[in-house]
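Both complexes below contain chain A, partnered by chain B and then by chain C.
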Partner chain A sequence: MTTANQATIKDQVRQFIREELASAKGISTFRDDESLMANGVIDSLGVFRLVTFMEENLGVRVGDEEIRAENLESVDKIEQLILSKIKKN
Partner chain B sequence: MAYVLQQLLTKSASRLPEKTAVWARGRSISYRELDELSNRLAHLLQQHGVKKGDRVGLLFPKCLESVVCMFAIMKAGGVYVPIDPQAPGDRVSYILNNCGIEVLITLDEKRRAFDDATRQGLRHCIVLDEARESGNGNGIIPWSLLSQYPASHAPAVTLTETDLAYILYTSGSTGRPKGVMLSHQNALTFVEWCADKFQITDRDRLSNHAPLHFDLSVFDVYNAIEAGATVYLVTEEIALFPTTLAKFMETHEISVWYSVPSALVLLLLHADLKAERLPRLRTILFAGEVFPMKYLKQLAELLPAVELDNLYGPTETNVCTYYRVDRERLAGMEKLPIGIACENTEVFAVNDQDEIVAKPGGSGELCVRGPSVTYGYWGDTEKTRKMVVPNRFQPNFEEKIYRTGDLVTLAEDGNYYFVGRRDSMIKSRGYRIELGEIESALLSHPAVREAAAVAVPDDVVGNRIKAIVASHSLQSIKAADLQQHCATRIPRYMIPELIEFRESLPKTSTGKVDRVQLSRDSWPVAV
Partner chain C sequence: MDFAWTDEQAAFRKEVIRFAQQELNDDMIRRDHDSEFSRSHWNKCADFGIQGLPVPQEYGGGGADTLTTLCALEALGYGCRDNGFLFSLNAHMWTTEIPITAFGSEAQKRRYLPKLISGEWIGLHAMTEPGAGSDAYSLRTRAARKGNCYVLNGTKTFATNAEHGDLFIIFANVDPDLNPNGVSAFLVEKGTPGLIVGKKLHKMGLRTSPIGEIALVDCEIPAENLLDKEGSGQAIFTTSMEWERTCIMASHLGMMQRVMETCIKYARERSQFGQPIGKFSAIGNKIADMDVRLETGRLLLYKAAWLKSQGRHPLRESSIAKLYVSEACIQSCLDAIQIHGGYGYMTDYQIERELRDAVAGKIYSGTSEIQRVIIAGLHGF
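So, the complex of A and B:
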């Protein structure tokens, strides 16, 4: 995994969250380390849209038991989850 | 006999002082502590000018202190007003102003985010966290000041069951939320019915999934306290993740669960829900929206020993009908009834000829009569007069009934079935949403000429919201800009997920926006 690829993954995650989830909640900016639950960007449906995005666009499989705050709380955490999955393969 | 809600706490605290009353975010509070802390806060409120009937606002995420505040405000003779902590500033200011809240319990960051006018309207802010500028005669009272007030007894206030206990704000069709006034009697009618019907005891462990500004929480909090049971508050971080939520139910050995169906559907689809993981779970109550049959059948199969009850009723009556799921009938059922009236409540359908529907097969608007019916909407006599009307079917004395706006059918077996709405109110995740309120938010954007909001049916959450917008000529506008604009006026769950732009909106022959056409265009939709 190169640094460029890592940046791309994070960019894609950020872009998806901004355009598909945050925007519909009227939120335009958020930090990579910010809790997306505390600021209301991700709601109960948003969680599953995010997981679908990760599976369909980033090629990782996310199990139900992995859909937890520790893994999906922020852009940083989501990136870590994806990277750990790519490394395993 | 309890005739005001706080007596439920006082009684349980004397019977079971050391028992855990509430658990939230890893902390818990005993009945004695809850009683004492709410006594202290009641004295503090009274000393800071809160009198009988005064409205006191709550604006912070759900925690142990929420329950302390609810009891304390009522002990001081006040009326509590729980406000969605995620609501936009404009809506919060409207609510504070609309019901004349002069004392607010909140967090310092929320207080600092208010505009000047809102801040000036508040005589006192009690801040749960330490405020930077407290104690300078600026009306800011730190929570830590509670220790200076007496714990052993509540202040002396004369209340009767007809006094108001709380006001819950729900979506209003004219673009602003409306405050439903609920008395102690309204609440206790429901609580006592539940205590009897569901046999809640001090061995029970109740969950509280709904937000406190949502009337489902009335059962969780007050029925737990009434029985001397423990209520476990589900906070947002838990509610969002089905596996975390299932783990919560397992760890706390929840025995009675109450939520909107969509929360149960998400558990069913994404958490490993098994009867053996939930050995103490005995009752699941659900309300707020229609439970999709295919999921209800799966739930019934998965948890064969758990009693399932469908509760129905708008905030204005709390719950007025119920249906206990009959597993033998369930397999062949296509639609779930809303059931029959709760004891001490009467319901009937009134048809277009203004007659009570007496025979099976007839349809009409469901009306509710009895001690659970609200007085109406705070500060809105016009709306109140429209919905809480004289009961002309009973000539002997004056009384009011509530017109729910819900169209129902009476079936052969005596159960009522929900058919639809008379107006444009919809439900999403159990939340009441007036499409008109969304349209007003859209129309308040200077570039918007015409706007209509429509509901797009969804298997899990009931409905998703789509908007169709026509802008003024030559003005280009993006969906994201409009969504951001909406976020300053309406709660996030009301913001349209999808916005479609058209040159103009279709009209009916009378020149009104053709909602039927727009709804048809939106079925099905790819979001």
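So, the complex of A and C:
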């Protein structure tokens, strides 16, 4: 995994969250380390939209037991989850 | 794409149908009338291996894949006329066994799964509250940490299997300020002080499935009975619902096929104006519509199950399938009554019961309205 690819993944995640989840909540900016569950950007349905995005666009499989706040609550944590899966493969 | 069952799955399907027809249909009209749950049928299903189907073999289960499990539940729906009993069975499997299998610690799996698989214990979850139905995560049941324990307080309603339950998965919030992220799941065993199973509720259909209220009054449980971690309640509940929506609807499909075949037989045998009533397009068209609904429902449900078997999360597909099959089932039951005329309205013909049972499908595991909210929500609305 190159730094460029890593940046691309983070960019894609950030873009998806901004365009598909945050905008509908009237939120235009958020930090990469900000809890998107605490600020309401990612609700229970948003979690599954995010997982579907990861599965369909980034080619990773997310297990039931991995769908939890500690893995999905911020852009940084989502990126970590994706990278850990790519490294395993 | 391959739409065929394997030889093994087809043989298993036949075996499940034979078992269900021979063992699970006795005294059905009386049991429905008396709202009687059959513990002996429960034990027979456990001996056959139904309860263990989706659980890994290392815990005593059958280790069946998603599609084989769905195949068995469709066969059960076809062979077993007791839709209420199948509802209880589904609740036990998807809301108790699956969460423990997916989220439980090794110790929790070893302690609970063998009992749930063997039929010794009946499981259930309790999510719905008098003030929290479709808005499930607004629940008011609280779990307060106290040393090495949690203390649960709250009230639950519409808890399937409550009257006969041995293991309760109770959803409670550990910190209301966290809103849905505070919702957590706790394993509570029957007999725990403060766990009070209230009155049995009487209902329109699914009468052989007990449903009731639960009160938690300073119910103290060991901290190790927390399922997974604090805040995992959403993930656990959604996982249960995804399984339930897929597999419980498989039993609906089996029931729809059974009802359609009953109508075909009746339409061939019953003659009016000198010919079988099926020859009249008014009747034949109804049977054709029943067949179209059955086949459409199958395609939707099989796709959702196939995605699940690929390790995907078919929230959209299982919501579409649940919405469609539950509503199609009601329409097919209404058509079945109409085809049978006055006889269809009579209890002895056992079709009016199918309709009463089917109506619940639009309500449990997320109402039709909520399924539409989910589907629209996945498109950003």
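We adopt the following convention: the second predicted complex is superposed on the first by the 89 of 89 C-alpha atoms of A that agree within 3 Å, B and C clash if a C-alpha of one lies under 4 Å from a C-alpha of the other, contacts with A are read in each partner's own complex, and residues count from 1 in each chain.
Rule of thumb we're sticking to: a residue touches a chain if its C-beta (ideal position, glycine included) is under 8 Å from a C-beta of that chain, and two chains touch if they have at least 3 such contacts.
Please read all numbers here as calculations on a predicted model, not as lab measurements.
> Between chain B and chain C, whom does A:K25 touch in the aligned arrangement: first, second, both, or neither?
After superposing on A, A:K25 lies in contact with chain B but is clear of chain C.
> Contacts for A:E55 in the overlay, against chain B (first) and chain C (second): which applies, first, second, both or neither?
second
> Based on the A-chain superposition described above, do chain B and chain C contact any of the same residues on chain A, and if so which?
Chain A residues touching both partners: 24, 37-38, 43-45, 47-48, 64-65, 67-69.
> Considering the complex alone, what residue numbers of chain A touch chain C?
20, 24, 37-38, 43-45, 47-49, 51-52, 55, 61-65, 67-70
> What residues of chain B sit close enough to touch chain A in their complex?
Chain B reaches chain A through residues 86, 88, 236-237, 239-244, 262-263, 266, 270-272, 429, 460-461, 479-480, 483-488, 492-493, 495-497.
> Could you pull out which chain A residues touch chain B in their complex?
Contact set of chain A toward chain B: 19, 23-28, 37-38, 40, 42-45, 47-48, 64-65, 67-69, 72.
> Within the complex, which stretch of chain C touches chain A?
102-103, 137, 178, 180-181, 228-229, 231-232, 234-235, 238-239, 311-313, 315-316, 374, 377-378, 380
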